[in-house]
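Which chain is which? They are A, B, C, D and E, in the order written, and residues in each are numbered from 1.
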Amino acid sequence: MNINEIGTPLIQVQNLGKKFGDMEVLKDISVDIYKGDVVCVIGPSGSGKSTFLRCLNRLEEPSGGHILFEGTDIVDKKTDIDKHRQKMGMVFQQFNLFPHMTILKNLTLAPIKLQGKSSKEAEEQALKLLDKVGLKDRANAYPNQLSGGQKQRIAIVRALCMNPDVMLFDEPTSALDPEMVGEVLNVMRELAEEKMTMVVVTHEMGFAKEVATRVMFMDGGYFMEENEPVEFFENPKNDRLKLFLSKVL
Amino acid sequence: MNINEIGTPLIQVQNLGKKFGDMEVLKDISVDIYKGDVVCVIGPSGSGKSTFLRCLNRLEEPSGGHILFEGTDIVDKKTDIDKHRQKMGMVFQQFNLFPHMTILKNLTLAPIKLQGKSSKEAEEQALKLLDKVGLKDRANAYPNQLSGGQKQRIAIVRALCMNPDVMLFDEPTSALDPEMVGEVLNVMRELAEEKMTMVVVTHEMGFAKEVATRVMFMDGGYFMEENEPVEFFENPKNDRLKLFLSKVL
Amino acid sequence: MWEKLRDDFYQNFIVDDRWKYIVDGLQNTLKITFFAVLIGILLGFVVAIIRSTYENTGKLKILNAICSVYLTVIRGTPVVVQLMIMYFIIFAFHDPGQIFTAILAFGINSGAYVAEIFRSGISSIERGQFEAGRSLGFNYAQTMLFIIMPQAFKNVVPTLANEFIVLLKETSVAGYIGLQDLTKGGDIIKSRTYNAFMPLISVAIIYLIMVMVFSYLVTLLERRLHKSEH
Amino acid sequence: MWEKLRDDFYQNFIVDDRWKYIVDGLQNTLKITFFAVLIGILLGFVVAIIRSTYENTGKLKILNAICSVYLTVIRGTPVVVQLMIMYFIIFAFHDPGQIFTAILAFGINSGAYVAEIFRSGISSIERGQFEAGRSLGFNYAQTMLFIIMPQAFKNVVPTLANEFIVLLKETSVAGYIGLQDLTKGGDIIKSRTYNAFMPLISVAIIYLIMVMVFSYLVTLLERRLHKSEH
Amino acid sequence: GGSGTKTETTAKASEKAGAESSATETKAGESATGGKLVMVTNAEFPPYEFHEKNEIVGIDAEIAKAIADKLGMEIEIQDMAFDSLIPAVQTGKADFTAAGMTINEDRKKNVDFTDTYAKAAQVIIVKEGSDIVEPDNLEGKKIGVQTGTTGDIYAADIKDGDIKRYNKGMDAVMALTQDKIDAVVIDREPAKVFVKNNAGLKVLDKAFTEEEYAIAVKKGNTELLEKLNGAIKDLKDSGELQKIVDKYITAE
């Protein structure tokens, strides 16, 4: 079915479970994500979308199951998770830029400290990427001097500066004023065109329809339905998905 | 042009200006709002939409001009603004329900204390309105036990309990999860159908298109364009409006 | 070692009923703290209302100025100096009793800090609450009374309860005006037995127990407030 | 009236060079405050790091337990009792000097409060900052060092500066161990001239001026931090 | 002490004072209270005044009681720091102070003294084996005193003396036993008590100064002063004064 299903998956999620105290938020989730996949996850509030995404780079500690990233089980306590996180870019709803550093410093900190790049090398790469998202001239600004849309584009670039193998997005446009949503989605669209592997939790149905290779509907801790975007939106099978789509479209 | 333009306007805004320090946020605005009007105000972030709306019930003190509400100049310091505010319901983006009171108490506080209604009378009215928005069974809950959509519907009912002559909405759905937007817009739609006079600052273009009697585009402290919804969205004249619409639609 | 401790204990507390110094002192400490807290809360509440009203409406200008001076002076000088001024200067020609003097001095001192607690409690209530009240047609006073104050008060109850702990410790300088509080009680024993260890440590432990018990109660209170549905 | 004031002034400050008691006392007060603040900040910083690390990672269990005891005991007893314990019990057999004893006692006391300042500074940094750091691949220590601490420190600088003011006032009980600080300086003059008004009020005014000047500096500092672009 | 003259500890006493003084407010006069004499002292000064069994006792306390008996008045004793005694008398908080207080010129400017009732001296306490053997050796030493006492005032004249002023004589003595200071200058009788109760201390034979104790009243309160002088004279003549002193001093 999936055009990208070639070779071993980049991420293999096996029987992933997550409890907060007694509350089972994720229930036995298994899913494979291949290189070049753009997986959009949609679903009602509180259904566990963020939790799923955050388990992928162990920002949340899974309560059960395995996540093989490039062949290594990162749920295993013995795995050096910090190393693998360098290969998994993460973009948050609230941007989470470091307010005490200039944009350039935000972008080069991790490459310099973690990948041992020289300042020069790191800055060159950062400026190149900044240019790509149209923000080269803001390199020396501080985050608070930028608009929300600009901040989020910087946050994406910050993750890209580590040359990740996969990018995780958690509702990257939900905190933006409507007229800024477009500029961020455009950057993400370009990334997808460059065959970046992406997992995107989003409420932007238009984006999902257009860009995703697969759309998944999460509800009650499961993926209730998964499909190619056209089928998914035009022929939903699950009742809850139908109800959900009727509300948000 | 406007079907509602009969008799004197309910609200006459004359040369309204508002400065914050040196910054002129509203510049010489004049507009008439008639009984039964549903005015939707759209525009980019920071353009002064909220400020305009808040001047209408003097939550912001205008720096110049007049606002005649039912014939009285409410900008005049001598006007008892508290009295007029009782006739102008206001709904906020952040709901602003009173967290220390039950829903019923939230709804009856003002009618009892300000309009001298008996508890019984006030509660009857509140329950009737609660029923209308489908939340009668939550009368004894506290705000924090409700979802965002429920809170906003309560906030609308709270304003309605004062039997206002006009309802002011400041982005009533912007703080909501997408699947809750619909339930709030539905309540507003019903209100419009009952010929409630409404001024709505919103980013929901679909709602504006469908429900508004007039749509106004604010930018840089002016209303740059004003029209019936169909003309407004299909034939924008102002360049900035065109740009804005291209981003958000 | 054990023998020595027992002997010390006997010397410091049992002989001549010396434990009475501690018990009497403790009573005075608690009495002063309790009433000073009451005065402090009352005073602080009034000051906070005046200052908030001035900030929000520009009214009460003169009262606000008086409050500012009060806050500056009280927060700008050590409580022990205030206590001595109260005793030797303000009540120079009329003696209302040492306990009363101490209660007044500590109460007035506490009021300045409580005022800030209340004020931050008031300003911790989102502006939206105030606007919602006003936009329903409530005037300033009604909005404060029905909407802001009940929430602010609930927010600051734990901090206010904490003020009791703060004062409990501060009253330990009451001995400066010759008053026999808990600390002074230990001092007197020390001056009789020439032994610093037992009385000082005992006094410290009594304070510690009181503070811990009271902190625990404050925690319970906080939890209850947190749990309550509103 | 004016005559009397001038005469009092002469008696209390000029005769026998009595102003020296004030000046010497002031010097000691400032010396103790300054060094105690340094110790307090150092100690508080270490304690805060240990407690935050324990809370976030579960590591440093024993150190964390020690810190808890330290915080409970110091925050549970009056500083004047701590001072006397330091002087008469802990340093019973070795005298490092009164000033040093006072610096240590006030420093250790201050540390317990500074620790809470730092801790609340750390926890005031949004969790998202921590997660952003970790998700880039930084480990716990790196995230604290590069991302959390610089922001936390900036947040608490005004509160830390305030700690100087708090301590300045607290050291007024240093006289308990026979040390001549500013308050005691006034006391000595009072004991020479049998006049309470002039020395007490003068001492109060000196404290007040110091606190006001320092508060003003803190305000400036806050404003500058606020203005700075990050 | 006779019946009806029981002293109480400060707290209780002062409370009572508050209640009673308001009840007898009408009797305006020099004395702070009506049919009662309020005495202030610093009850850390054995054998002249100290706490025992929740009472303030000692030579001064008993003399005061005897005087009150003679005058047919009640006595109430309050305890406070030595340096606060004269201000308390000046401001009318107390009628008089009997606190082993030496007459000197500065004090005379602020209060009126009765006839003396005891001879006294400031002496030097040192640790046994100290190299301080006479007053002249105090030069350049760390000397502990009680704030505001004559010992404090005279010690200030010692060349290069490093004066440590404690609120209580006892704290100075404790500092001496802990080697924090080299000597304590304090009144003779309390010095004897301190030395007796703390092993390893001794009083130098040669006194630092010789002086006399008296009771102090508010300046200009001649009525009370005369009454007190009369009572003191009676006590001296009847030998009662000596009996009180003997009870506390010669017993050892």
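The working rule: contacts are C-beta pairs under 8 Å (C-beta built on N, C-alpha and C of every residue); 3 or more make two chains touch, one makes a residue touch a chain.
Protein names from UniProt, one per chain: A, B = Peptide ABC transporter ATP-binding protein; C, D = Amino acid ABC transporter permease.
Everything numeric here is computed off the predicted structure, so don't read it as measured data.
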Chain-contact steps, minimal, separating chain E from chain A: 2
Pair with more cross-chain C-beta pairs in contact, given C-E and D-E: C-E
From chain A, the most remote chain by mean C-alpha position: E
Mean-CA-position distance for chain C and chain A (Å): 52
Centroid distance [mean C-alpha coordinates] between chain C and chain B, Å: 47
Interchain centroid distance [CA atoms averaged], chain C/chain D, Å: 20
Residue list for chain E, restricted to those that touch at least two other chains: 84, 87, 91, 174
Interface hub residues of chain B, defined as touching at least two other chains: none
Multi-partner residues of chain D (each touching 2 or more other chains): 88, 92, 196
Interchain pairs in contact, sorted by label: A-B, A-D, B-C, C-D, C-E, D-E
In the complex, chain E residues that touch chain C: 9-12, 14-15, 17-18, 21, 32, 40, 43-44, 50-54, 78-81, 84, 87-88, 91-93, 168, 170, 173-174, 177, 194, 197-198
Chain A residues within the chain B interface of the complex: 44-45, 177-182, 203, 244, 247-248
Contact footprint of chain D on chain E as seen in their complex: 82-84, 86-87, 90-91, 106-107, 109-111, 144, 147-148, 152-153, 164-167, 171-172, 174-175, 178-180
Chain E-facing residues of chain C, complex: 16-17, 20-21, 24-25, 27-28, 88, 91-93, 95-100, 176-180, 187-188, 190-192, 194, 196
Chain D-facing residues of chain A, complex: 57, 59, 82-83, 85-86, 88-90, 92, 94, 96-101, 109-110, 113-114, 142-145, 158-159, 162
